[in-house]
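Below is one structure. I have some questions about it.
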Amino acid sequence: MYNFRTDLAVERREIFRKNNKLKEIDGVEVEEKKINENINVTRVKIVNEKGETAIGKPIGNYITIDIKKIKLAEEDEIQKASEIVSEELKNIINKHISYKDDILVVGLGNLYVTPDSLGPKVINDIDITRHIIKYLPQYIDENTRPVSAISPGVLGTTGIETLEILEGIVEKVKPKLLIVIDSLASRSIERISSTVQISDTGIVPGAGVGNTRKELSQRTLNIPVVSMGVPMVVESAVLVNDCLNLFIEKLQQEAKSNDYLNKLKEADNYEEIKEVLNPQDYNMIVTPKEIDELIDNMSSIVARGINMSL
Amino acid sequence: MYNFRTDLAVERREIFRKNNKLKEIDGVEVEEKKINENINVTRVKIVNEKGETAIGKPIGNYITIDIKKIKLAEEDEIQKASEIVSEELKNIINKHISYKDDILVVGLGNLYVTPDSLGPKVINDIDITRHIIKYLPQYIDENTRPVSAISPGVLGTTGIETLEILEGIVEKVKPKLLIVIDSLASRSIERISSTVQISDTGIVPGAGVGNTRKELSQRTLNIPVVSMGVPMVVESAVLVNDCLNLFIEKLQQEAKSNDYLNKLKEADNYEEIKEVLNPQDYNMIVTPKEIDELIDNMSSIVARGINMSL
Amino acid sequence: MYNFRTDLAVERREIFRKNNKLKEIDGVEVEEKKINENINVTRVKIVNEKGETAIGKPIGNYITIDIKKIKLAEEDEIQKASEIVSEELKNIINKHISYKDDILVVGLGNLYVTPDSLGPKVINDIDITRHIIKYLPQYIDENTRPVSAISPGVLGTTGIETLEILEGIVEKVKPKLLIVIDSLASRSIERISSTVQISDTGIVPGAGVGNTRKELSQRTLNIPVVSMGVPMVVESAVLVNDCLNLFIEKLQQEAKSNDYLNKLKEADNYEEIKEVLNPQDYNMIVTPKEIDELIDNMSSIVARGINMSL
Amino acid sequence: MYNFRTDLAVERREIFRKNNKLKEIDGVEVEEKKINENINVTRVKIVNEKGETAIGKPIGNYITIDIKKIKLAEEDEIQKASEIVSEELKNIINKHISYKDDILVVGLGNLYVTPDSLGPKVINDIDITRHIIKYLPQYIDENTRPVSAISPGVLGTTGIETLEILEGIVEKVKPKLLIVIDSLASRSIERISSTVQISDTGIVPGAGVGNTRKELSQRTLNIPVVSMGVPMVVESAVLVNDCLNLFIEKLQQEAKSNDYLNKLKEADNYEEIKEVLNPQDYNMIVTPKEIDELIDNMSSIVARGINMSL
């Protein structure tokens, strides 16, 4: 399988089509919808094994909601985006369970690693009802769906595979469906924290941040697993690799001489590169994923250094 | 002036030497010292206007302390690094003031933007004595130096230039020397949160994160300003630019044919690029500087989306 | 002067009236307004020196906005309360300056001490315009009022009196009015984080948390100082003292015999006391103000204890 | 059973002895040890059903480590306290399992409620080995004990009983022993965040903060459960109740007249009460447990109020 280095079905489709010069991939169906100036929905459906092999993801639905200018989003735009996410999510859930069936929401990731903290942060804002239905049913509408939620942590801080933790909880709580939230990797800087992918084929935790773990899916957990992923990072090596390929293409198109290369090298290409790399006035930086921890250590060194010298 | 896109004198010297094929720059003196396997100290001294023009920084001392493997640093290594920082800082302070003179420590940056949070975090750990000497002198050794500290915030959140804030405070508190802590930009991924630059020539706040502000220095504040800066980010455009230049060099050395380019393009160069870009097992990612804020907005959208659909 | 142990003019008036069995205090005018079921506004006006002496606060306006059930407040109730606060604040500001005059908002308190963190948290959410008007006037309506904001920290962590810091900044920034936000002490558990007192007579920082500092007011800063205070704590000794007084009153009313005292002592009065002390289903606890720091130390002890023993 | 309103066996013993005027309780054995000026260890052993009934806790060991002056603790004192905790913990663990047996550490409580955050904070600092032993055994000493850790959250935010979550995980991970960390309630202000109780009889989550949940113990989980609890709060009603009882005792001893009561009422007893209530220079305050959430709501109201009026 081609290594796409993106978790987004919509990007994998693009790469496969481009590399194989195809108009559409056999076994893949696509539908696009522009909601408004800032929001686009793309539904990628993988319908057979050919599509599965091409995209490297299981048969099923992959809905991508791209939200532009989220940085400056006002209350009403956030509300609009939430409504689109809700609508797409509802469609997928209703394909699998009925309206009062138990749902367990799972926030993957590490709260203390900023680009991996989306899952636990979302969990913190989910409206939980299961315990009220169970212990105080008189205080809640009898048609309320039981919703519970958990942030199981990551293997590196618990020592336990997320699948092991969830297997146990699923056996006890017996939800009818899992919604799993995770950080993803994409190839596009524009999509960082601006895109939601909803899919009904489960998820492999940690894929977005480089440490693949055991799959969470109907196959491993025996209930439907809806995943909601948001790209949080682009790997720097992927970025440079993409840029190099674009550059080589340009070289080949222009049949450039050594003079051309010399000029290129002497010129300061920074501004042009910057324009391509940093869309929408973001200030894109390269940083180790562990930046928060590094800052804590460094802050301690500088403070002690000052204290000892004063 | 050449745009170095790094705040580190030691990196600017390297770039200038390489670009001009010089062994050493006129007006620049350098001294290196290996403390142990993980810690190196480089003292760059700019001694005249030629050096000033070449490096693009004022005459003065620029000490770089490089600390390797800080990610996994144990208590004793952090302590060792702190001692080196303390020693170099003490040397610089003693050149300018005497042992009981008042010092004000200033932490620049925005606590809520992770890669810009070093200054405020350091301030939180500084041992403050000025108020004890002033209000409770009986509780403190009479030879204690008065130390005060402040995090003035950033223009974007206060609406006030850092220089304006500090001018006012300096007039009231009348310290004899300022120590200013800030985040810097460097060209080297290896130096992120691993290097401290100490200098006695002041600082331009925000230079490291792209928004140049009014200089804090003896010229503007009338007292010596010692700066302690730590590189926190590499701009993604700088990174790609550097990689392209390395690549062009390689192309020229190998007098490559179009076949060569084709092969390069088809090959997956990811692993090689990764090796060059991600030293020491870090997981380098490209992210907008405003990632924390973006995550908060996105977390709200996903949580609301879920809540509305359940 | 009587030691009221509350920063709220409305509570001081109550205590003074009760202790002196007065219907109203000479020199004090009061106006109450019920906005809705959950919001009450009380305007206490101290009009002469007699009122000043009785209440122990300078001549001026003290507006108290009491908001009930803030714990469970929904978006629309928060918005309604914000509107009332805004209206009262606007009235007071308009008495002193005109519509385009510069305002500096100051958030007193320590971000890292939960019950003292209100000021810095509010500052984080203020819409700042001064720098846009100054550097990018083309991007902003020309009638916008210049607003800047600062969190100067507390004496214990800066070593500098808040007044010294603000004097310097006021001289440089030259605002026409200061809005100062601080945590207050009250005598009523019901008012914790549920009441805003707005006044145009300045503020003494830290009064609410036990460390009185130099006053911030027109007298010390030469511009009007509007303060917005929120009670965050009740001192445990104040609470017990109040309870004892209530109890003694009851003893005296009931001309109790020793038998009565014996019964009281044997009985478990916990539930009755709880009912009186913990209104609105809050879970009132006694805790040291420094609880966060204590938890960090204790958390370190327990974690190390475990690590060393495993 | 008497309602002790404390989770500490050592305090329950005191109360029972005092109320029943006993020198020692039948079925309870006590051993005290002064480690140094600041650290005391008390071992309460409940040996039979009589002791069980008296204390209201199951047969087993209850070790209390009291640490004075933790507020100002320096590195070496924290280290010393950690060593005592480690020693006592090791003794208890070794009674139940052998040196290489799997241990799962569980941090109960809610990270976002300051006085309930101890458990999750401790978990963050535990050295985890289970995943290294399982996936990278070559990198670790072969005698290392497998340690894993989890913060399961609280019923109010997950909708799932802690016992349900742990039953599932214990079935999958199969540890031989659980160490459970939780916040406790005590009757003594001096013990807040200054005392660790270690016991081998399990724990009832949330007891310390007022919401009793299903017991975690050998009986419910089929493996030994060692609990480590730290008192984080004193309920304000408990505090006032205790003060009232002390006061009534004094009244009875002094056979005071109504004059005496009148004097008491007129006097300002604040300073005396303060001295009794606030040991060690702490600043004891009464606050709702939900203070952090309340501050967020209030901070939003004040900030919006200001923004709307400017």
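Read from first to last, the chains carry the letters A, B, C and D; within each, the first residue is number 1.
In the analysis below, a contact is a pair of C-beta atoms (placed from the backbone, for glycine too) under 8 Å apart; a residue touches a chain by one contact, two chains touch by 3 or more.
Predicted model, so just to flag it, every value in this text is computed and none were measured.
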Furthest chain, CA centroid comparison against subunit C: A
For subunit B paired with subunit C, centre-to-centre distance based on mean C-alpha positions, whole Å: 39
Centre-of-Cα separation between subunit B and subunit A, whole angstrom: 31
Subunit A and subunit C, separation of their C-alpha mean positions in angstrom: 43
Touching two or more other chains - residue numbers and ranges from subunit C: 124, 147
Category of the chain touch graph - line, ring, star, complete, other: ring
Every chain pair in contact, whichever chains are involved: A-B, A-D, B-C, C-D
Contacting residues of subunit D [partner subunit C, same complex]: 3, 5, 67, 70-71, 73, 78-79, 81-87, 89-90, 93, 103, 105, 114-115, 117-118, 121-122, 124-127, 145, 147, 179, 181, 189, 192-194, 196, 209-210, 228, 230, 232-241, 243-245, 247-249, 251-252, 258, 261-262, 264-265, 268-270, 273-274, 277-278, 282-310
Interfacial residue positions of subunit D with respect to subunit A in the complex: 111-112, 123-124, 128-132, 146-153, 155-161, 164-165, 167-173
